[in-house]
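Worksheet for the structure shown next.
Read from first to last, the chains carry the letters A, B, C and D; within each, the first residue is number 1.
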Amino acid sequence: MTDSQRSQLLHLGVIALLFVAFFVLPTYHVGNLSRIMVLAVYAIGYNFLFGYTGLLSLGHALFFAAGMYGLGLSMELFDLTTAPALMVGLASALIVSAVIGFLALRTSGVSFMIVTLMFAQAGYLTILYFGSYTRGDEGFVIQQADRVLFGLDLSNDTARYFAALVLFSVCFLAVARLVQSPFGRTLVAIRENEERARMLGYNTVAHKLKAVVISGTIAGVAGAAYALLFGYAGATFATVQYSIFPLLWVLLGGAGTTIGPLIGVIFMFYLIDLSSDITSAYMLIAGVVLVLLTLFAPQGLAGELRKRVFKWMP
Amino acid sequence: MDFGPHLLLASLEGAVTAAILALTAMGLSIVFGVMRVVNVAHGEFYMLGAVIAWWVTSLIGGHPAIGFVLALGIAPLLVGFLAAAADKVILQKINYDPDRTIVATIGLLYIIQQTTLMTFGPDARPVQPPFNTRIALPWFEFGDAGFAMYWPWGLSITSYKLFVIMAAIGILTALWLVITRSKIGLIMRATQLDSETALAFGVPVDRVYMWVFGLGAGLAAVGAVLVVPIQQAHYLMGHDPLLLAFITVIIGGLGSLPGTVIAAILIGMSDGIISVFFSPTLAKIIATLVVAMVLAFRPQGLLGRTAH
Amino acid sequence: MDAVNILTTKGLTKAYGGIKANTDIDFALPRGKTMALIGPNGAGKSTFVGMLCGRIPATRGDVFFEGANINALPAHQRISLGIAYTFQITSVFAGLSLHENVALAARRRLGADVAAVNAKVADVLARVGLAERTDQIAGDLSYGHQRLLEIAMGLAQDPRLFILDEPTQGLADSEVEEFIALINTLAGETTILLIEHNMDVVMKTATHITVLDAGEVLAAGTPEEIRANAAVQAAYLGTSDA
Amino acid sequence: MVTKPESKFTRRGMLKTMAAGTGAIAATSALPGLSGFAQAQSSAPIKIGFQVHRTGIGAAYGRWYNRTTEAAVKRINDMGGINGRPVELVAEDDGTDPKRGAEVVEKFATQHECDIAFGTLFSHVVYGSSPRAGELKLPYFVVSEGHHVASGKLNRYTLQPGITDVKSQVQAMAPFVANNLGKKVTMIFPDFAFGHDHRDFFTAAIEAQGGEVVEHIAIPPTETSFSKYFPRIPRETEVIYHVMVGPAVLTFVKELGEFFGPSSPEIFGFIDSLEAVDIKSPGLEFLEGTYFWEGNPRNAQADQTSHDKAYRAAVGVDDNGASVEDAQDVSTYSHMFGCWETLNIIKRGMETAGYQGPADRAKLIEAVEAMSDMPLSDDHPQGAKRFNGKTHQTFGHQYISKVSDGKLVVEHTTSIEDGLYEDEVDYTTQSF
């Protein structure tokens, strides 16, 4: 079996596992998984930029929120139905990430991180400033009756799970394929050594901009899906905290691995969920675990697995 | 209020913000400059400074000035030692790898925040300023009756806020002297320029890193002790100063200490002054975008050097 | 199009603040030849080639490639025209395999044609003698092998002009000999611009030599002419370690 | 203060307590859930999922919501539980975050298999959680004072029977402000939804009283220094209306005092600006003589009711509104009573509906929707309430207190009618 066949098997296996999980896991965990899959899409988008292109953004919450509000506001204010509203969400994230990418890519390294952070902060404040439309921090509910896509009631647990699974699978497979393509490999080259890549004749700026837009759009799709599947849009999702989350998920799961984002989200979710059962000081446990992971699993969970066991892993 | 007095008041408030920001950002700038690591827990060291200040002052009775002066000595020391220990136990072990440092300091942030929540509690707690006289300020105008001085409604500052500005200037000057004139400063600068060569010349780079990390955290704590009689200690108070300090350091130019001070003044003052012209939230949005644009069009920061 | 010269410069100048690193350099690189650019440390050699391939913006002056003025083109577009470049300090993708390193270089021209890319990679790796290490991680190679890898990456682009910035620096004597042999196999196939300190290498490979000193062209000509040039002897060869 | 005869509900509760007998009470309090619940068909506990802000920005409130809730549950269990079954509290921290809030609601419904969810304060968490509660068909009793429930934006499973919403509170303040303090008002509020509610509802209400708002000053939520905004206060201002939340509230109030110095207009604030803050804190001296809205008077008043006394004792709050164990630890007295009252309403609702288990959730909601007047009692120590079953929102008395000698002394109590407004929704028409 070649490495690429193995990777394909792994990817399909993950999807099959998630499919089966719906039938075997208790309701609670099925519910969690729907949410985890949507957040994993967010993490996949983030990983595309951070893990594969090597750009550390702290502004992804804005892309997530662009998708979320693009969908939410177009439904709330203009009574759009789900499918066109999803398109609006996707388009908003695409436009926002293109503009911010264009400006922020004038910088690099830590400056890139700070510029994206500041644009996101300005975006967050803008959501609050237009509170009469967005309801600011409080946000708004997307009514159950509106959350219907192609006749499917997405507020129903089963429909929600499979909608999340489809979205996850599409993004997961598409990104896994993309990073193996010449374009994706060039991004890796830029991550490894941008100057070398440029001096091989690659237009690294254009590549990075494309990466920001793809990454931001995927994040936005996750935001739109979150609003749609869980019925709520709010400014909390545009705060810095929600830019740090995907970074954390990706680093924990394994940056630059295809399954790292999913693993990172699952790990972080259950770390909080299980430790909060034991103690109200669950953040303390989470903190200690994070520190231990950096000490003993520096490549993230999937990254360590690749380093130690499955060298072929994508 | 008339435009002139309003602008004066906003500038004074901006100066207080700038003073605190300069101290906090300076701590981050030194760590950044010398060690090249992103310390996400910097804001938590700031918060700890404020919380320890509250703790010290609430233990000491008598005139508030006694507790305050003690806090100004104790809090930065304790925070500095804690940070140095964290450096030794965690950051040194992961070799200051950029990505891992981010995760580790996020972990540290959780630990410090939760521990504070469990011990100090969720309430905002005030510390009494050592002195706090309201000083009404006059304004001048040329009216029909010629040059006249009057006392506009609300135009005032407190003696403590003036003290904060002076104290920040004093501390930063002292720090500048230490870095440029003393042997410790020389060692720090040598390590910053080239840690490998410094190591070859017998500089104990690990120890330098440890104490630089401690010093950075200590400076944040100093800023917090100064601010806590104005703003109260709260377990979540480290968040915004962290972001602002980061922005300041980058705008100033990585590793440039004078740049950091200039950026702090610029950001603090513009935060105050822009608020005169726009509605508050809009002013914040504009100030944030302006600073982001400055960075986008001058990526090396104000005093940073270009690559070529 | 200039039939004789693949690349020429007119009055190319670089100033850092008030200090000139290169002053009014008029330079011509004959097609299909191997040109060595020599000069003492600080003569401005790297600045000059930096301006040729667009890494360093020129203060003034013109660069012509295949007769066309390429002043306005950014580095990656100049590379796309058929200029390959190896760095003074070896620059490879340390985290990737040798195969992927070379494939990245080949892919820009060959695109998604996997078979063609693989064939190219195998070909150039064999040519530089790294065929057996194709699956190794570049960062694990010895310094000398990394240099060879970088040359392989240059070759994989089938360049019309190949610029090598001090390629033998840090190589063992045996590796230098291999390098000389490799360059000589390329002669006629492509044009080579070599920045080199090692006069032995220069004399064994170059058909033409340009001498830079203090940012200006001191002399240009065949190796014999340069050897005979009194000014060069005084300014450079006399003090050289060669 | 208005006093009405005790309702049959309370009397029934008292009778039940007496029936359980003194011995049983002792046993119950020692071993809740094991004995003393003889009447129950099933002795399994009723599980109440308590969504609590233990961490995050709401933690100061969360702690007191927790204490009040535990006290109320203990009282209910001491009195024989609900339908003879003990009440078990399942507390989960939501981090004051709407995403985690929704997750916690799911956890209550599907993992802990709670009968209901309860106790959320911050509006954005309510908004984030409520859709999930509706989908999971889990009755969700919030104690948030937000206008979200009555605005019709939520669903039939979300109710707010224990605390008046902000629209009603604000509206009830306008007559007092206009008639006693002044007609020209400058409002200072946080620039997010909670502040906007104040802006919109108070501006309309004061205009209805013949006053006007001369300036709106919205403060960005990330702000930590405020003096620079105060010059926007017009000179003609007769009353400052302020409401702030979050950790910077004390700074805000202090700087307001420093700005005005000796010559300030009348100042009227929502106690939200100073919840969990000692009014005698250094720098707050200038608050002397200013007015506050209070949801429930923090300082025990001269005419304190026996109900307030009992409630204070049960929760562990002294006459100054601080913890009996630590006088520095000031409660969120104006909000936390809502937990106490809501739990008592849940108990009555479950008993009326003959609640047996999750299958009876709809019946529980219908039973609560059928409620209307709730008189002042040990169940409702804050005062009488009128619940609107159509809008799922309760309406109660509000208190306006003046600071004198560092204590909040009630000057005026509004009537329930002062706070009524037209229905914006009829949830009872929605299907379950």
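Note that a contact is a pair of C-beta atoms (placed from the backbone, for glycine too) under 8 Å apart; a residue touches a chain by one contact, two chains touch by 3 or more.
A quick note: this is a predicted structure, and the numbers were derived from the prediction, not measured.
In this assembly, C is the chain whose CA centroid lies farthest from the centroid of chain D.
Relative to the centroid of every protein C-alpha atom shown, the closest chain centre, again from C-alpha atoms, is found for A.
The centroid of the Cα atoms in chain A and the matching centroid in chain B are 33 Å apart. Rounded to a whole number, the gap between the C-alpha centres of chain B and chain C is 49 angstrom. As a whole-number value, the distance joining the C-alpha centres of chain A and chain D reads 37 Å. Distance from the chain A centre to the chain C centre is 43 Å, each centre being the mean of its Cα atoms. Multi-chain contact residues of chain B, defined as those touching 2 or more other chains: 114, 117, 281, 284. Each of the following residues of chain D touches two or more other chains: 55, 191, 220, 222. Those residues of chain C in touch with two or more other chains do not exist in this structure. Only residues 103-104, 106-108, 110-111, 113-115, 117-119, 121-122, 125-126, 128-129, 240, 244, 247-248, 251-252, 255, 281, 283-284, 286-291, 293-295, 298 of chain A touch chain B when the two sit together in their complex. Chain D contributes residues 55-57, 59-60, 62-63, 191, 217-220, 222-225, 227-233, 235, 247-251, 254, 258-261, 263, 276-277, 281-283, 329-330 to its touches with chain B in the complex.
In the complex of the two chains, the chain A residues touching chain C come out as 181-182, 185-186, 188-189, 192-193, 195-204.
Those residues of chain B whose C-beta lies close enough to touch chain D in the complex are 1, 5-6, 9-10, 13-14, 16-17, 64, 114, 117, 121-124, 126, 128-129, 132, 134, 136, 153-156, 158, 230-232, 234-237, 240, 272, 275-276, 279-281, 284. Residues of chain B touching chain A in their complex: 32, 38, 40, 90, 93-94, 97, 99-104, 106-115, 117-118, 239, 243, 246-247, 250, 254, 281-282, 284-285, 288-289, 291-293, 295-297, 299-301.
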